[in-house]
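What follows is chain A paired twice: with chain B in the first complex and chain C in the second.
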Partner chain A sequence: MEGLFDYAPAIALFPLAAFVIALAFGNYLPKKGAIPGIVATGGSLALSLAMLAAVAGGEEGYYHDTLYTWAAGDAASEVGPEGIEFTFGILIDPLAALMLVIVSLISFLVHVFSLGYMNDEGETGLPRYYAGLGLFTFSMLAFVYADNLLMAFMFFELVGLCSFLLIGFWFRTRSAPSAAKKAFLVTRFGDYFFLIGVIAIAATFGTLQFAGNDSFIAAAEAAIDGNEQLFGFGAETWVTITALLVLGGVVGKSAQFPLHTWLPDAMEGPTTVSALIHAATMVAAGVYLVARMFGYYALSPTALAIVAFVGGFTALFAATMGCVKDDVKQVLAYSTISQYGYMMLGLGVGGYVAGVFHLMNHAFFKALLFLGAGAVIILMHHEQNMWKMGGLKDKAPVTYWTFVAGALALAGIIPFSGFWSKDEILYDALIVGLEEPLILAAYAMGLVAVFFTGFYTFRMVFLTFHGKPRSEAAEDPHGVGWSIKLPLLTLGVLAVVAGIANLAPVYKLTGIELTFLESWLEGGLEGTTYVAYTELLGDVYDTGFIGTESTTVLIAAGLSLALAFSGAGVAWKLYNVPEPVRHTEKLGGAYDVLRSNYYQDEYQVWLAEGLTLPLARAADRFDQTVIDGTVDGVSTASLFGSDRVKRIQTGIVTNYAALLVTGFIVLLIVLGILGGWFV
Partner chain B sequence: MMIEALIAVALVGALVTFIAPNRIAGKLAFAISLIPAALSLWMFTVFDGSGNALLDGELAFESQMEWIQLGDYTISWFVGLDGISLPLVVLTTVLTTLAIMSSWTPIDDRESQFYGLLLFIEANLIGVFTALDFFVWFIFWEAVLIPMYLLIGVWGGPRRKYAAIKFFVYTNVASLLMFGAFITLVFGLGDAVTSFALPEVASAMLDGGPEGFLGVGGSTLASIVFVAMFLGFAVKVPIVPFHTWLPDAHVEAPTPASVLLAGVLLKMGTYALLRFNFTMFPEQVEAYAIPIAAIAVISVIYGAMLALAQTDLKRIVAYSSVSSMGYVILGLIAYTQFGVGGATFQMVSHGLISGLMFMAVGVIYNATHTRMVTDMSGMADRMPVAVGILVAGAFGYMGLPLMSGFFGEFTIFFGAFGAEQLPYSELFTPLAMFGIVIVAGYLLFALQRTVFGPYHLETDYEVGRAPLHDVAPMFVLLGIIILLGVAPELIFEMITDAVDPILENGGEL
Partner chain C sequence: MAVFELPEWTALAPALILVATALLLFVFDSINPRTSNRSLLAGTSAIGSLTALGVAVWFMLAGVGTPSVDGGRGVVELFGGQFIVDQMALFFMVVVAVVTALVAVASYDYMEDHAYQAEYYSLVMLAATGMATMAAANSLVTIFIALELASLPSYALVSILKNNRGSVEAGLKYFLIGALSSAIFVYGVSLVYGATGHLQLDAIAENLEGAGEYGGLLGLGILMMIGGFAFKTASVPFHFWAPEAYEGAPAPISAFLSSASKAAGFVIAFRVFTTAFPIEATTAVIGIDWSLAFVILAIVTMTLGNFAAATQDNVKRMLAYSSIGHAGYALIGLAGLSADGGQLVMGAAMMHLLVYGFMNTGAFLFVALAEYWGVGRTFEDYNGLATQAPVACFALGIFMFSLAGIPPLGGFFSKYFLFVGAIEAGMLVVAAALVVNSALSLYYYARLVKAVWIEDPVADRGTLSQPTGLYAAIVFAAVLTVVALPVFGPIADAALDAAAVVIG
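Up next, the complex of A and B:
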């Protein structure tokens, strides 16, 4: 089994090859490059599964190898070796293996789905589309098994590029290029902090390795234990600062408050791309990074608490906005922001397993929902407004039932996958929150968000599929083929059953060991295992119970279930009627605030166009007038001066004679004064 | 004699092209330029030098002979290569060849003179990067100005006369300042030097520095010379506030001249700063670290802000050069291996990327006859390949990983962040790094307006796909940019080898 790992680079290289083939020859290929993409991602999936098996069956339980040195040199670090090597390497431990499977599976299904989705539209840019998907998958897979922070950063940025290319796929419109620019720019703003973090960590510890004895995480732990001073700060403060800098990139990519604004706009891309971005690639990259270097965050209680708080707040904040959207993709967009908030909350309260668990479940059900929305959009002849849908339930049963499975998972209804992971996150948050007031606030926000999640999810389901058809398209929907149904069915099954991976409440209540994911994450390299994290977290958080552990489990699960059901129930009452109406007047002024997304876009656009651009124009005016004016002034002055001096040259001999005599006399007088003749 | 061969081929080629018929001049110049390009690439593969050319390094392709005896001083023909100059020589030869090819479409007037001047520039640029005697070096340095002046003044846009004269006078005055300062330094060094050979001057400087001159004490003299030379080179780089000649020159210059101007001529300034100021004056570098780092940061941010305000594609790229050169200065002043090495790498990388950008903008201009952002949109619809390369180049400029720009910037930032001899380096570095956000802003904004969106053009031209010979040079550049981004050690190793001796005298190693 271990020999298999030699093929690990191919996991990412397959889609890269597909990218090159689609770009260069796509126009000459049948299906315009879809086939190489499907073959490549299929190959990646098969290899990833093999890696998963090798990690599970191997003696060491991980694979870590340096591929080559990108750059090496001498650099003094605060604590650590004198030289530094920036390398490319592969780290496949249980976490990475799991994520590789998720990413390649989703990407494979998205490719298959695209056969039916993109070809129906008579699109001309298909080679560009499949090339983009290939590059996207390559970047994400390479990011996932990067063994060091710099390599992770590099592919993190490439993921950003790919999102730019795919969100702006329909570049002939005005809105798509604008959304693409926004996505790159907002995430680049986050990556600015990330890059400072990477550099600061490298300059501090002289290494950027994620795992092993020479990892920056181990070095940071040693520095904290040794009470070192780093860049004039105490070691723990410095770890907090750098961890938060890296978090900047996470907040950008995973669309957390306040850098979430790019994500709803990114719906301009093809729906398949949204599925890929939201479930497995771009947005997932941020949270995955926190999980990847969880040991580093676990060293800093402050950083962890901030992660948790940002997550809890974003979960609630985005969920409320999702409740008033009319476009089916917009609802899903806000649900993504909200769900990643949950993952951040989970990781922030130390629920490493819960966070990773939700990352996995969310990948399945969100890909399902987006692809389902894509199928709906085809059914509806490219109509995305839910108020023009209705009644699709009986006309498209596969789409409907799979969509409902995804919706139940998203809303967190037992026993669908989303319930198990979201419940675990909330439980972890609750037990920490009982001791730490700040975390309790984060928990409360996450809990309230459950209600809104249930509401907007089922509002979407009822408006789309139930009631009477509200447009011609809804009365006579377009059919969908098997390339669309198969991915939906695959993901539908996963959305129902994936929860089995970690039935933590069952274990806590009955003692039956059904926590496979937890045991899975306990393996791997020393220092990056769940066991090691638990040990670290012991120093960070105290936990408490309401009564006993069992009662706490029951209370937590009961609360979140009750809220999810009541949210869904309100949606049922309001919108599961033959001819639903908006009911927005009940919200009063709050409706405008929600519709305007809390004016988040307005202030960010103002920062760019109202502040930076006028500043740039002022700088330009200053440059043209003052700086360049000085340059021209010097030149004009010297021209003017020489023009005056030139007039002495009159060409008249007597003038020259007069000047000569005057000059001679002046010279004599000067010499006379200096020589003392007149004394 | 390899270096002489390089220069001679370009010089003779310039003469031959000058008298060749107009209609074959372009192809002829291209064919001739392939010789130095191939030769320099071969030199790159067999390069066996080590250390720094000025600091007792093993020179590659060294050649030295006495030329003129001037009083107590000997002037020699002295050329050679080390790990800093070789990549710049290869950059020069390759970029010249590609610039010649990119001229085939736009240049349709007095072609033989045009291509002759391009080759003449190449010869002088190779001279600048290889000469190790101040006199020889200065002759090449000044001789570069003449063909560039003519290229802008004859083949340029509507305000070409103003731009050409501004370029010539501004950089020439700066050269005069630098020349005077260096001669003063040589006299100040007294008996310690008997020639203008740069290694000799460098070792005299490091062995005790000047005794004094005209009543000015040794260390004061060194400081004055350092500042004067810094200002002289600052115009060439250009560093804010001496940058205003650059956008005018770029806007008026024909595309190939812009390619060489941004790609190689600006690097003369940073190369000279590294060779003179940062090699010979370690004490002054340390003493002036804060002001120099401050103007580096100002160049980065102010240059980027200016780029943000422009609506002419060429002006955008021109101002972004000011910004990128600020990174180079930051890397140099960091005085660490990664800082100075990264700065040198960035010189090469920026040469490639800015060359690519000017070519891409030129291709669009050839088709549309406008460069105004407000005049066009949706160009990707009509010229997908050229626009694809433009987009790739723009992301290269933004420092996308796996392209050379990222390596240059990352190493500079990393080298500067922990730099011990630069006070407040942990503050200067993040400030300068904010440039990577602004650059994404103005380039993406420009792309969104011009190449994306529905197709629209204000001018009356039919836009079709760009011809192969317009696109091919850009593909070559893009290939090199990606190659150096994936495998930067190809040149970074030789660069750091040549940088290390500098840092042994000052800075950190």
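Up next, the complex of A and C:
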């Protein structure tokens, strides 16, 4: 087993090689770089599965090794060790192994799907596309198994860069480059805080390791236990501050309110890229980071509560906007924001297993839905407006049935995968919420969002597949090949059955041990296990029940199911008719607000143009006048002074003797008076 | 380490080799006063100074002068403590020997048409002997004699171009100011002797308490001695001779005086103030910390030097003022001494003097080359030289940027250490002055680089020859300035060790 882990770096290096090959030789390869990409991600998938098995079967249950120390120095850290080292290292524990499998699987399927979506549709610039996918996968995989925060930050940034490149793939259109820029800038805004957080953590604890005895999490715990003062704050306050700074990056990448605005625009990229971004890479990176350093957040009740509240709010906020979109990809975009909100809510209330569980399930069903949407787009000859679709149910059965499986999972209908994880998140939120009013509010928002989720999901399904065809394209859809059907079927199966991984309600009601994921996450490095987190959380949150545990489980599950069904039912009632019509007028003023996405873009543009731009202009003016003026003034004064000083040298030696003696006497008088020689 | 033990007096070998070379040159001169065998004379001087250099380096490596505690062979005291050979002495002998060798090689071409070759080289060697002796002198008497031994040949060397009015006038001014300064210095020595009753430096330190009631007198004596050192190092207000002497003298001699002579002036200042006047004890007697005087001198000197250099039209004069500015930087080494250490800042000053020895000598040798070509004296006359002499002009670029303290050249590192040392010693004003002056200095150094590399020539000057000796010396100095970077670790260690020993 030991030997196998030596190949761990290859998991990320395979896609990197594919990136190089596609970039260098893509134009000469038969499928323009698709084959190396598929082989590389397939290799990564196989190796990741082997790692999963090794972690499961190994005695230690994890692999942690520092590969390369690229800088070391003395740190002026407040607490912690004297020297600091910046390293590249690999940490493969149960969480990372699971995520590696998810990422490489989705990436592999996306590569296969691209054969049908990009190659068969005759796109140009394919080597660039496959190079982008390769680099994207490489960055994400390296981010996942990073063993320290700085390395994670670097690959986090690389992930951001890749999303920029891929969202702007069709750079000749007007909208794609603009969307790419927006995605880059908005996430950069969050990453700015992340970077400060990294520096703050390094400066405070002198280490950036995620796990082990010399991790910053352990150091922070020790500092809190020791009631130390860090940078003038109590240890816990300081941990909260730094955790929230890091959260800035998470909010940007995982598209949480208020930095979610880039994500809907990012639909300008190819649909395959959207699938990759939403299911496994870019957006998942944020939530994964919170899970990775969950021990740190668990030290600060304030940070946790903020995570939970932001998550709950985002879940509801995005779900409402998803209800009025006409573009099938836009609906999915808002559903992504909403679903990551759930994950944040889950992690924030201490539901570590639930959050990770939902991350996994969401990866499967959201990749499925995006790829399904991609298939629909091919069927519809590149039409994305749902009002021009309809009736595709019978013409594309594979696409339809897999899409419905994904939709049921997204809506949280029992027994599809999404139900189990979402229910667990809401259950965890509820039991904490019964003791903490703020969390109860977050729970309530998450619960209401279930209704909207059911509604927009089935509105999308009915408009797309049911009723009569509403355009020529819908009457005569384009066929799809095996490269499209295969990924859909794979993911469709996973969307249905992935829930088995952790049937927590079943365990709580019947006592049958079906909580595989929970036991899986209990393993790993000391301090980063679910057991350790549970212990930490014991100090943070009290939990309560309505009646007994069983009744609480039933009430929580019943409530969310009822809401999901009623949401779906309303959609069924309104849109599952041969000739569906818009019902948006009935919303009145609310429609405009929803349609404009709560004016989020407008206020952010105003912030940029109305506030930042004048400030920048003022700074520029200050620079041009005061700074430049001072510099010019200094040089003028210096040259003038130089001219004067030069004249001391008269060329007459008696003057020199006089000046010399005068200078000496002045010095003598100064020192003599100070030294008291003349007294 | 060595298989055999040399007698103790051989510790002075570098100085002795230099004086032997001078005497050998006298022999040549007396046999054939009108000899024009330049290769023989310049070669003898160069070999003599290189031998002295080799011996000094060998001694350093062999651990002569390194305290036995650190695994060395112990500090050598000679003639009842009149001379001392420790790491600092050897370090400065190395500086003097390197510069002397460069000057000797460069003079081969520069003094081509001079009538009395042998006297020129023997004077250079005698002055070098005086400077090497200054490095080892450990009593006010030997210090004064060594000082005069270095000064008197220097006066003659400055005015050696007997048919050149500027040279003669400069020599006379140098001599007059030198006489005045020597008088002040000797007066200071006598006051110190009067107050403490001793001339040997360690003995002075031991008898400081006895000076009790004569505190003011002792203070005045110390101040007057500072005047003597300020003269030798061309520090304000004893700097007036420097611009004229450097401008009037043959350019290799300007290089010699501004590098080696200055370094020698600093070594005795370092030794006298660290050995004879330890801060705590001296402050108790004279009522004031003498490092204050050096703080004032350092700031005034670097400011005046750099400001006066900024708008000069004459390149040699610009370099003369820049040399005054650098004396100000090196003075930080003394200004930063304090009761609880200061070896970093003093070590930094020693490093700076070594690197300065290369880059400043190189810069003056480039002026020598320009004078050899006869292109003129002002910045404008230098315009566009790079197209005709790219190698020499590249070397000039290195010297200028190193003098300005641009990384990664040697001058940057020594200045950086001075800066750090000044901050550690808590002299924020001095550190700020260092930064401001360095920034200003970049202006006039870059002006010269711009002139040779970017500007177009004003007039056609025909083809320029490539004198071997001058070119070799310039290229060698440039290489040393650059190589100072990779070997800076050992240099820094050597300087810091040396500083640590004298501060003790």
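In this section, the second predicted complex is superposed on the first by the 612 of 679 C-alpha atoms of A that agree within 3 Å, B and C clash if a C-alpha of one lies under 4 Å from a C-alpha of the other, contacts with A are read in each partner's own complex, and residues count from 1 in each chain.
Rule of thumb we're sticking to: contacts are C-beta pairs under 8 Å (C-beta built on N, C-alpha and C of every residue); 3 or more make two chains touch, one makes a residue touch a chain.
All figures in this text were calculated on a predicted structure; none of them were measured in a lab.
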item: Touching partner for A:I512 - first (chain B), second (chain C), both, neither; value: neither
item: Which superposed partner A:L671 touches (first chain B, second chain C, both, neither); value: second
item: Partner chain(s) touched by A:A202 [first = chain B, second = chain C, both, neither]; value: first
item: Contacts of A:G641 with chain B and chain C, given as first, second, both or neither; value: second
item: Touching partner for A:V653 - first (chain B), second (chain C), both, neither; value: second
item: In the superposition, chain B vs chain C on chain A residues touched; value: B
item: Common interface positions of chain A, toward chain B and toward chain C; value: 635
item: Interfacial residue positions of chain C with respect to chain A in the complex; value: 172-173, 176-177, 180-181, 184, 215-216, 219-220, 223, 227, 236-238, 240-241, 243-244, 286-288, 292-293, 296-297, 304, 307-312, 440, 443
item: Chain B partner contacts - residues on chain A that touch it in the complex; value: 69-78, 150, 153-155, 157-158, 161, 164, 168, 171-174, 176-178, 180-181, 184-185, 188-189, 192, 195-196, 199-200, 202-203, 231, 608, 612-613, 615-617, 619-620, 623, 627-628, 631, 635
item: Chain A contact footprint on chain B (complex, rising order); value: 166, 169-170, 241, 244-245, 302, 305-306, 308-310, 336-338, 341, 378, 380-381, 395, 398, 400-402, 406-407, 410-411, 413-415, 417-418, 420, 426, 429-430, 433-434, 436-438, 440-441, 444-445, 447-448, 451-455, 487-489, 492, 496, 500, 508-509
item: Interfacial residue positions of chain A with respect to chain C in the complex; value: 635, 638-639, 641-643, 645-646, 648-649, 651, 653, 656-657, 659-664, 667-668, 670-672, 674-679
